[in-house]
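Consider the two complexes below, in which subunit A is the common component and subunit B and subunit C are the respective partners.
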Partner chain A sequence: MIVFYLIPIETGLMTAITDPSAYTGSAPYLPPAPGDVSLGPFTNAVDALSQGLANSFILVVPATILSGLLGSMAAYGLTTVDWKGQIGIYMLFVAGIFIPYQAVLVPLTQFWYNVVPLRTTVESVAPMIPLLQEFHWKLIALIVTHTAYGIPICTLLFRAHYKKLSDEMVEAARLDGASITRIYRRIILPLSVPMFAVVFIYQFTQIWNDLLFALTIIQFGDASVVTQDLVSIGVSQEGTNFPLRMAAALVAALPTLLVYIFFGDKFAKGVTA
Partner chain B sequence: MAELTLDSITKVFTEDDGNEIVAVDDVDFEIADGEFLVLVGPSGCGKSTTLRMVAGLETITEGEIRLGGRRINDKPPAERNIAMVFQSYALYPHMTVKQNMSFGLEESTDMSDDEIDEIVTDTAEMMGIANLLDRKPDDLSGGQQQRVALGRAIVRDPEAFLMDEPLSNLDAKLRATMRTELQRLQEDLGVTTVYVTHDQTEAMTMGDRIAVLDDGILQQVGTPLECYHTPNNYFVAGFIGEPSMNFFELDVEGDALVGEHFEYPISDQLRGAVSGSDSVTLGIRPEDVEFRADAMPTEPTDFACTVDVVEPTGDANNVYLTFDDDNSDEPRTFIVTVSGMDRVESGDKVVARFPESAIHLFDEFSGEALKNRSLEDVESVDISI
Partner chain C sequence: MRNPLTVLKRLVSDSGDARTDGGTASSGTSLLSRDSIRSAPFWLPPFLLVGLFVYGAILWNVVLSLTDFQGLGDPNYGDLDFENYVVAFDGGTPSWTDYSIDPIWNATQNTVVLMVAFAIVCLALGLLLAILVDQQIRFENTFRTIYLLPMSLSFVVTAKFWLYMYDYNTGLVNIALGAFGFGPIEIVQNPDLKLAAVAFALIWQYSGYAMVVYLAGLRAIPSSHFEAARVDGASTIRMYWRVIIPQLRTATVSALVVLVVFSLKAFDFLFSMYGGYNPGPSADILATQMVREAYGNQNWAYGSSIAVVLFLMALAVVAPYIYSQYRQGQL
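Right after this comes the complex of A and B.
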């Protein structure tokens, strides 16, 4: 079973360390002959993807944190704080999960390119702020889009978690004199850590692997994220450079893998909590 | 520290389908400064709702709650200067004991960290939990968590304590210990306390006074012994006391109260009490039934009985008797408590006497007490050391 699951990765890895010139004719799943081992594909892949990787990080980190944080706040407001009409609002959030990506692609493009003057704003302030590039406006648009799309599912996850928290504990905090925001900061937020791990892993993977929104909003250019660059890498008229493509795929997958490794134990705690 | 007044408090919940449920109906009582009042009643009687209204966790539909003479209806919980101990303890699981106890002072006062630290340490020492200050609630036993919850309430130095079944999650032995400890603590601190429980033993043993609540309606407020010996009605009589009072439904017919299996003579003293009723409920506490072995009934208040089951508790025996006149397949039993040293066996023929001075009579329909036991034979015991 394990062998069955690992063969594709093994094959990818073996291919990725084969010298491209020696690739044709060798079995992709067998280790390359000692003379044909090459780290060239990896270094080439990292070189080619560096801009995409950087853009992806600029996109993923804020979008993940924002959607997690806003989802947690929304869930707190909709679950732990008691007010009329919250079920209705919550239903709107849930409905958000079911809006298909395809249905919003055109409106989304219109929105970011024609309705919101984000481009002109960023282009005018970019020279004044260090590190901010003009093309970053597309990444900002993508961050907002992913955050908005992520909030419903994050709210759902956090709400399930908050429903299990003791009402008496929150009431005790109220009697202790804590305001709604203080209760969130000092009681609810610290108790949400395992759930944040779940949400962060989930959102990180989703956003990192997303190609559809990136193609729609970024389209092409300097702001391209890693998934976009991956599409065309190693493809040329002379043929396909499989070792390079495999190496690039592994490099692009590495961050999500690392996130799983680093947050894995907290993730398990959050899922079972 | 202050007196707490509940003035015609009513709570109506409106369900989603528009149904209105009256959880608490026109409840009135006053708790003097430093008094320990136990609010007791069966599950769902509205006692917790009443407490939560005092705490400010539920809105008050009608009526007024005053603490130290000031109306607190519209004040948020934080401004009422009340501390509450919850059934689940409601400790903050991610904080240490020290942080748990400091939280309230940090949120509600301007004290410096040093001052808070000092108060928390002092209280922890008083509660015997000073060695636990750096631990988290999950690492504590139930009894220790209970102490922390109490300590958290005490550091606030509130005008009133509210306790919602704080001992119900403890095992029996610890519960008995904590009962006395809580009482002693409350006496030392002298803080007005409202204590909610469904356990009549806690009610009897802990409170200066108890308030019995049923179905949202206040049945009686009085000292434990008042409620025990002179219950206002059928409900209080049956609820207070363990084992419960025996009840028999009887019809008033001429000179006797006639039941299915026995007749009880109406003496001149009883005449007045039953004159307005067609049928009454006779109640007698298990320990008030006089009981003797193998004798024929000699008085009209004697009844020939057979021992059905004996439950020895060590210090006493709970004896279940059936009337000899009762020939049904499942004869009804009543309970008599006798000394644990008495030898009683199942199947013994005995005589049970219901002394007139010890019986209670309740109107069958309203449940109002028509006659309570006389307290003339209550002896005061002089203890000279």
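Right after this comes the complex of A and C.
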């Protein structure tokens, strides 16, 4: 069984380190002959994907942090602080986890392209702010979108965590006259650190791996993220360049693979919550 | 609202946990109970964001599906009708275009076939793997890491791997078939095999998820149940079938809901596998038809109406689940 789960990745890796001119494809799962080993596909893949990789990082880091933080705040306001009717609000958050993105795509495209003047704003201030490029408006739109769609699952993960915390500390702090904000900053936030790790890993993987939102909000151009660029790589009129395509797939997957290899237990915790 | 809430409170206090949510009113925390306003700075901003982008967008999408919005320009909200739904069910040429539009039945059928096959095989395979891993505690973490590895990958990446696995000349699947004396077969573009090939790759990616959920379920069953069955002389198969599997109902339901939702999202995979909006009629699902109509053909309003159908399908699965979770005080 283990072979079944590993062999597509293993075959991809063995092909990706093969010199494309020596590639025959007769036994793609075996390592190439010593003379045919080449890092060429990888360097070519990194070249072809560098802009997409950079854009993906610009997108993923803020979106992950924002959705995690807002999810923690929502879970605190709806769990630790107790009030009537919160369960109704919370149900709307939970339902948001399961919504197929197709149900909101056309409105989102309308919103970002025709309703909010984000494009003109960014294009007018871009020359004045170092590092800000005109095409970044699409990435900003995508960051806000991914944040909004990440909040529900983050809230669910944090709420499960906050329900398990003992309420003695919170009550003691309340009796001492601490405000709700102070309790969050001094007690809840420090106790949330392990959960933040789980949430950040989950969100990082989800947002990095997404294609549909990028396809409909960024569409095309300089702001394309890595999953968009990967779709068309390695195909030309001469046929498919499998070493390049496999190398590109591995390069695009590398950030999430590294996160998974180093924090696999936290990833498992996130997906099974 | 009140009645289920009191049930919920009783459930929580019966379980004896000192939880900070519901059920605390009787234990002297009335101090905390008037805080809906003062906690608003915490839950309101995320709620507004979700409300606007998720629920606002869903409602907007419903309105858009009633317009004739097509091509470039802006939607006209003055003239709303159900024409798009008539076209979705019957096909034909609507008033907003000169071309004949495909109804949704072919894609709906493929969506359901893919969903059912994918979910059932994932659950069965996941259960089998979980039982196997459960026997060998020593390497549990290694096994779990490997089975869950595909899930950390993007659909776009797995589509590239499987496109290679299925390749006519150099694909491992055809090499393996060749070893058994079967000639190479066209898989990716073969109308008879397309949907099965997609389902198989998705099963590869997500059966590990079902395994992890089942493993947690198995661990929650007291070992006395296993021992009692053994003392009674039940065979291993009989023990699992009669004693253990019935207790995994909760795990099955929650894994099933998540898998069904994943299968509705298979768009990314199909787009990457077929390099565009059109995987062909035999692998077309509602998720791809919606995006193709809207973003490929710029039939925006028609795409929105397909999206409404897709949304209702997801709702039919998710709403009963969330309601039962709520009734059990699991939220």
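Everything that follows uses one rule, which is that the second predicted complex is superposed on the first by the 252 of 273 C-alpha atoms of A that agree within 3 Å, B and C clash if a C-alpha of one lies under 4 Å from a C-alpha of the other, contacts with A are read in each partner's own complex, and residues count from 1 in each chain.
What we mean here is this: contacts are C-beta pairs under 8 Å (C-beta built on N, C-alpha and C of every residue); 3 or more make two chains touch, one makes a residue touch a chain.
Values in this document were obtained by computation on a predicted structure and should not be read as measured data.
Q: After superposition on the shared chain, which partner residues are touched by A:Asp210: those of subunit B (first), subunit C (second), both, or neither?
A: It touches subunit C, and subunit B stays clear.
Q: Check the residue A:Gly35 against both partner chains and state whether it touches subunit B (first), subunit C (second), both, or neither.
A: Touch partners of A:Gly35: none, neither subunit B nor subunit C.
Q: With both structures superposed, pick whichever of subunit B and subunit C touches the larger number of subunit A residues.
A: C
Q: In the superposed arrangement, which partner chain does A:Pro127 touch: subunit B (first), subunit C (second), both, or neither?
A: Once the two structures are laid over each other on A, A:Pro127 reaches no partner at all.
Q: Once the shared chain is lined up, is A:Ile187 touching subunit B (first), subunit C (second), both, or neither of them?
A: Touch status of A:Ile187: first partner only.
Q: Can A:Ser166 be said to touch subunit B (first), subunit C (second), both, or neither?
A: After superposition on chain A, A:Ser166 lies in contact with both partners, subunit B and subunit C.
Q: Touch test for A:Gly221: subunit B only (first), subunit C only (second), both, or neither?
A: neither
Q: Check the residue A:Arg174 against both partner chains and state whether it touches subunit B (first), subunit C (second), both, or neither.
A: A:Arg174 contacts both subunit B and subunit C.
Q: Intersection of subunit A residues contacting subunit B with those contacting subunit C?
A: Comparing the two interfaces on subunit A, one with subunit B and one with subunit C, the shared residues are 166, 168, 171, 174-175.
Q: Touching residues of subunit C toward subunit A in the complex: what are they?
A: Per the stated touch rule, the residues are 1, 5, 8, 18-22, 24-25, 29, 31-36, 38-47, 49-58, 60-61, 64, 69, 74-75, 129, 132, 141, 143-158, 160-162, 164-165, 167, 169-170, 172, 175, 204, 208-209, 212-213, 216, 257, 261, 264-265, 267-268, 271-272, 275, 286-287, 290-291, 294-295, 300, 303-304, 306-308, 310-311, 314, 317-319, 322, 325-326, 331.
Q: Show which residues of subunit B lie in contact with subunit A when the two form their complex.
A: 55-57, 76-78, 82-84, 86-88, 90-94, 103-104, 107-109, 152, 156
Q: Within their complex, state which residues of subunit A touch subunit C.
A: 1-2, 4-9, 11-12, 15, 24-29, 70-71, 73-74, 76-96, 98-108, 110-111, 114, 144-145, 147-149, 151-152, 155, 162-163, 165-168, 170-171, 174-175, 180-181, 184, 205, 208-212, 215-216, 227, 230-232, 235, 240, 242, 245-246, 248-250, 252-253, 256-257, 259-260, 264-265, 267-268, 271-272
Q: Using the touch definition up top, name the residues of subunit A that touch subunit B in the complex.
A: 166, 168-169, 171-179, 182, 186-187, 190-191
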